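What follows is subunit A paired twice: with subunit B in the first complex and subunit C in the second.
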Partner chain A sequence: MSGAWTIYRRELAGLFLSPLAWVLLAIALAFNGFFFVLSVKGFGGDVLASMSFLLGGSYTFWLLVVLLPPLVTMRMFSEEARTGVLEFLLTAPVHDFAVVLGKLLAATTLMAVLWSSALVYGAAAAALGTAPDWTPLLSGVFGATLVSALFCAIGLSISAVTNTPLLAAFFATIANAAILSLPFLDALLALPPGSPLRVMLGHANVITQFQASFVVGALDTKHVLFFLVWTGFFSFLATRVLEARRWW
Partner chain B sequence: MITVRDLTRRFGPHTAIEGLSFHLEPGEVVGFLGPNGAGKSTTMRILSGYLPASSGSAEVAGFDVLRQSLEVRKRIGYLPESVPLYAEHRVEEMLDFQGRLHGLSRSERRARIPFVLERAGILDRSRAIIGGLSRGQRQRVGIAVALLPEPKVLILDEPTSGLDPLQRLEMRKLLVELGREHTVLLSSHILPEIEAVCPRVIILSKGRIAADGTKDDLVRQLGGGAKLRLEAFVGGDVAAAVRLLKALPGVRDVLDRGRLGVHHVFEIPCSDDLREDVGALANAKRWAIRELSWQRPTLEQLFARIALDLPTEQLVEPSATEVPAAQVEAPIALEVSPTLKSAAPSPAPQAAPAQGKIVYNLNPFDMGASRDLSKPKPIDGPGAPPEGHA
Partner chain C sequence: MVVSPQDRSRGGTGAWSRWALSLQVFGVVALALLGAVVVTYLATLPALRRRFDLTAVGRNTLDTTLAELVEKLPEPVLVEVFFRPFDYPLTRVGAEAQGRMSELLHVARNQFPTQVKVREHDLTDVAKVSVRMKELDLEEDNVVVVTCGKQKVVLRLLRDIARVDPGNPLVESEPTLEAFRGEEALGMALLRVSIDETPRVLFTVGHGERDLFDLDKPVSLGKLHSALVADGLRADRWDPSASPEVPAETRVIAIVDPQQPFSASEVDTIVRFVESGGRLLVTTTGNERLFGASGSPEALLARFGIAARAGYVAQPIPDGFGGWRMGIEQCGTIVVAGAGLDRRHPITESLWRSEERVGLPNARALAPEGVRPQNSLLVDLLRSPDMSWRDLPQSGGRGDWRFDQRSEEGGPFALSMALAFPPEGLVDATEGERRAARVVALGAPDVLGNDILARNRDYVMNVFNWLSQRDYRLVIRPRETDRRVLDLANTNALTVLNVLAFGVLPGLCAVLGLVVAMSRRR
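Our next item is the complex of A and B:
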């Protein structure tokens, strides 16, 4: 796994050497800052409520989760396939999965940096006299990072399919939105309560999985596992796509 | 070190390589030669573990490239044609990354990186951002990256493409040096490039091996088109001369190419050197020979034939008769049409045959040495001894 670590370091350096990472960070911070101020006003000065609003309690959070990971991961395979660097990586003495894992961790790290900006708001509130409840805040950041990992893995497997980064971002965004709106399917299909499909869709509800634990400050292994397993599944998928590429 | 058996790779309906088999001993330097699209890169990609083969097997350093891919990848330095490097990184960062991928320790990396950069002649740019380097410099960095883990086998795909003539020369020098320590497989579509570096050449054509061996082997294998050329004054009865020539063992056919001045030109297609036999015949018949040469196609011509997809017997015409290879730096195959050739002025002024034939004889062991060389030496008629029986 030292290969994955090496690739993780390279990818992280590559991300922060490109302007894209900084642009995304700036946009996300401005976006979060704006909504934090707005929500603090709206909740009448309730810092904790504003925090959980930022980290999963609102649709602005899910908007960022759907839009940002595809932009972070879009170049990771498609650009490299075009410049030929992928050929270098896939002939290096590391397993394909190590390549995917390294890239996934790098993209997730960038997202974690982005979400940890919420901690700055917490610190600012603490400095101004109202110390927030740190536990839900930290679990919120952790959860947001886990969700981002899932969507980064989806973005990676789509980036591995195409050679055009913008196309990868486009399809990954659509895939993310589709996964988030899976639970609406039961209303659409008018499924009877208790039908197996409805139960399955209920379990696949990313938003409730997230809000049931991380937002309220409770770390439930069931929910952590839910995200880890799906992230693992899509990482595996990306690895298989990379392998399939060799046959094209 | 590299063993390839019956390797085939298809891309959908297109067959890139078919039934390739060859073997490289440790320390061998072998050049892959072929026109674009012949399957050079595909073969190298299979050997590097990037592409799987559709059928057949390949072994590098005793490991199967498909089943023990990681073991193979540890032992080869592969430089793809596109020279993949991270443009946003510095040269030394790229090498550091390669070193980590190959599991080199920090001290090993510290020692090896300046060494390979020096080797590739790019040490002075080790702090430069790769994106700002010229094509030739990038190529050098690519070589340094491939060399870093001290690979047993170097696979270099078109290492000289995109370089200017001076850089090409330097790259050749480097490749010759590398050939002393590594097993090297390199590809090019430029023949002099390969000839200068590789003792052994594998010529690929449309996904198959057209020839494999040293330069002489290749000429023999590709064969076809070798011929004896005789220019001689044979007296009046040309048909009789043709009959005599045809009667020589090993001669299948004699082509009468007409007169060139007083001389008659014959072409005898033959795969072996029959100069001695024809010379002896000419001596016996007292023909005055102006030219007797055996023209073998050069490797350049044979390769051009493969590249242009011509049938075996047809050759791109050589610019002139056989010239010792040492004098020709980079022979250029020129197409000279036969009409153009016969229209060219004959090189020696011919005297009237009535006075006897004038021969310029410069053979110091013959009678020519004692005479004044500024004047032509008269010979009385066709009865005089012919020159040229060396």
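Our next item is the complex of A and C:
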């Protein structure tokens, strides 16, 4: 897996040495910051409620989660395939999964930087005399990073399919939105309580999985594993798609 | 899955080979998908699942007492939530109470996923919900129903779970949540549903008592019967003249407003039942000719050192202009609240705490008199207000509802009393509290009638629960709410956060992006 580390460093440098990442971060931070201040006002200065709002308790968080990972990952394979760099990468003595893993970690790191802004807000609140509860705040950032990893993995899988970055971003956004909307099928199909499909949809509810633990300050192995397993699955899918590029 | 040179030499890069390889990839991906589903499912199994509460105040963990109760449940409980938004002015405070109860139930469900199932009903789906409410015999919403096997307990949001200060609309002070007792209410409910027993309550018949099954007449006991059954008790009739011995497994005997006297042997049977650790509810009679006579309920009460006084207790009614009115029928309905409720007794403690009122029409005064059983404890459960008086019958039989200081006695008076004493022949003193004989005397039989039972339901149910030994006491510390609030009014906190969140952090990223763009251009 040393190849993954090399790819990770290369991708991270590529990300942070391109203006796109900084522009995305600036926009996302401004968006996040605006809603954070709004929530502080709305909750009458309640720091804990505002932090929960920022990290998973609001639609704005999920909007960022749906939109940002596709923009970060769209170029990772499709752009390289278009410019021909991917050929070199695939012929390099690195396993395909290491390539996917390195890129996934790099994209997730960028998202983690974004969510870490909550720690800066927390530090500011502490400096103003009201320290947040740090452990749940850290778990919130960890959870947000895990969710982002899942959506980055989806973005990578789709980026591996196409040679057009914009198309990759578009389809990844659609896929992310579809995954978040899965639980609404339950109401749409008027499924009776206890039906297998309803139970399955309940288990596939990303928002509930996240809010039932990370947002309320708990760490639940069920939810951590959920995100790890599905991130792993989509990374595996990206690896297989990448591999298929050799012979298709 | 790389195509080897040998395959190429055999023409392996043809369409068929590609399709075959694609199928293999699909197969592998399908297997991976199955694996992911299996692992996701396994992670939900309670045996493999671990949950860690990271909050400073243990927001995601139940109180140890409550947790122990859940662990000891004989079978899983189903908690059904019927919440609907309250009308103004209770909208905000109601939502707060609903939110805290929902959070508590989620914590319970997450901590004990196999023991606690929570079902939140969507009250906008009227058709579906009304069917379920009918099944559960619910007449109101904003309740939480705890069910375990055949046992069921209904918790009302703004009475059992939360206490609301109504505020004052005249000074624009909104209602506030005075106390949230969700943990305690849930604990009590779990305790009650987990005990798999249906104590038997027998209502005497054969002496003109009120009908236990009639739901139509205002003074009959049909609604009381339904309430007792819904609360997990077995209520039935007993005719002492037909079967002189108290039936086996009887926990409580109730005598409600008899019109004919009991025979001496019947009275002796009942007294023996109580003295050997049985429980008895006796109301006074509304029959003036029977009142106080031999074989009357008053004579039975006298055997336990409780006397019922002639006449009916009355109180003046506010006239709406700051004065008081007497001489009207309404004076004969006593409203007991606050200091009139004993604040320590299990029957009235919860009523006192939640500032409930008990309304007693045509109530007779009770008082300790004569010889009481040894080591007995007699408590005034309900006391009439200080300005009440005992209205004596005039020549026509009824009182005039006016206080005559010369001939009538001024209040307060006991309207309901509870007596407890160790049964005869008790060997183990530590068993005393558990097996104590208990008697409740009630001076107003109408309290139990169909017409006003709903108003006094909590008091009546507490009486039967105490008599049938289901007066569980549980003290659970309310879960702490960790509020860390920035002083927005007196500091520049909001300005600082605004500058940092909306200016400094995004600005820093924009500057760095600019630097990167310029350096790449060079």
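Note that in this section the second predicted complex is superposed on the first by the 248 of 248 C-alpha atoms of A that agree within 3 Å, B and C clash if a C-alpha of one lies under 4 Å from a C-alpha of the other, contacts with A are read in each partner's own complex, and residues count from 1 in each chain.
Heads up, the rule we're going with is that a contact is a pair of C-beta atoms (placed from the backbone, for glycine too) under 8 Å apart; a residue touches a chain by one contact, two chains touch by 3 or more.
These figures come from a predicted structure and were not determined experimentally.
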Given the touch rule stated above, what does A:T83 touch, subunit B (first), subunit C (second), both, or neither?
first
For A:A244, select first, second, both or neither according to whether it touches subunit B, subunit C, the two together, or no partner.
second
Quick one: name whichever of subunit B and subunit C touches more residues of subunit A.
C
Kindly classify A:T6 by the partners it touches after superposition: subunit B alone (first), subunit C alone (second), both, or neither?
first
Go through the superposed model and pick first if A:L55 touches only subunit B, second if only subunit C, both, or neither.
neither
Between subunit B and subunit C, whom does A:A92 touch in the aligned arrangement: first, second, both, or neither?
first
Regarding the shared-chain residue A:A125, is it in contact with subunit B (first), subunit C (second), both, or neither?
second
Tell me which partner A:L17 touches in the superposition: subunit B (first), subunit C (second), both or neither.
both
Kindly classify A:A153 by the partners it touches after superposition: subunit B alone (first), subunit C alone (second), both, or neither?
neither
Return first, second, both or neither, reflecting whether A:L104 touches subunit B, subunit C, both chains, or no partner chain.
neither
Please write out, lowest number first, the residues of subunit A touched by both subunit B and subunit C across the two complexes.
17-18, 246-248
For subunit A, which residues count as touching subunit B in their complex?
2-3, 6-7, 9-10, 13-14, 17-18, 83-88, 90-95, 246-248
Going by the contact rule set out above, which residues of subunit B touch subunit A in the complex?
11, 45, 48-52, 70, 73-74, 76, 78, 80, 82-89, 93, 97-98, 100-103, 145
In the complex, subunit C touches subunit A at residues 1-3, 13, 17-18, 21-22, 25, 28-29, 32-33, 35-36, 39-41, 43-44, 48-56, 59-60, 106, 110, 119, 482-488, 491, 493-494, 496-498, 500-502, 505-507, 509-510, 512-514, 516-517, 520
Subunit C partner, complex, touching residues on subunit A are 16-19, 21-23, 25-27, 29-30, 32-34, 36-37, 40-41, 44-48, 117, 120-121, 124-125, 128-133, 135-136, 138-139, 193, 203, 212-213, 216-222, 225-226, 229-230, 232-233, 236-237, 240, 243-244, 246-248
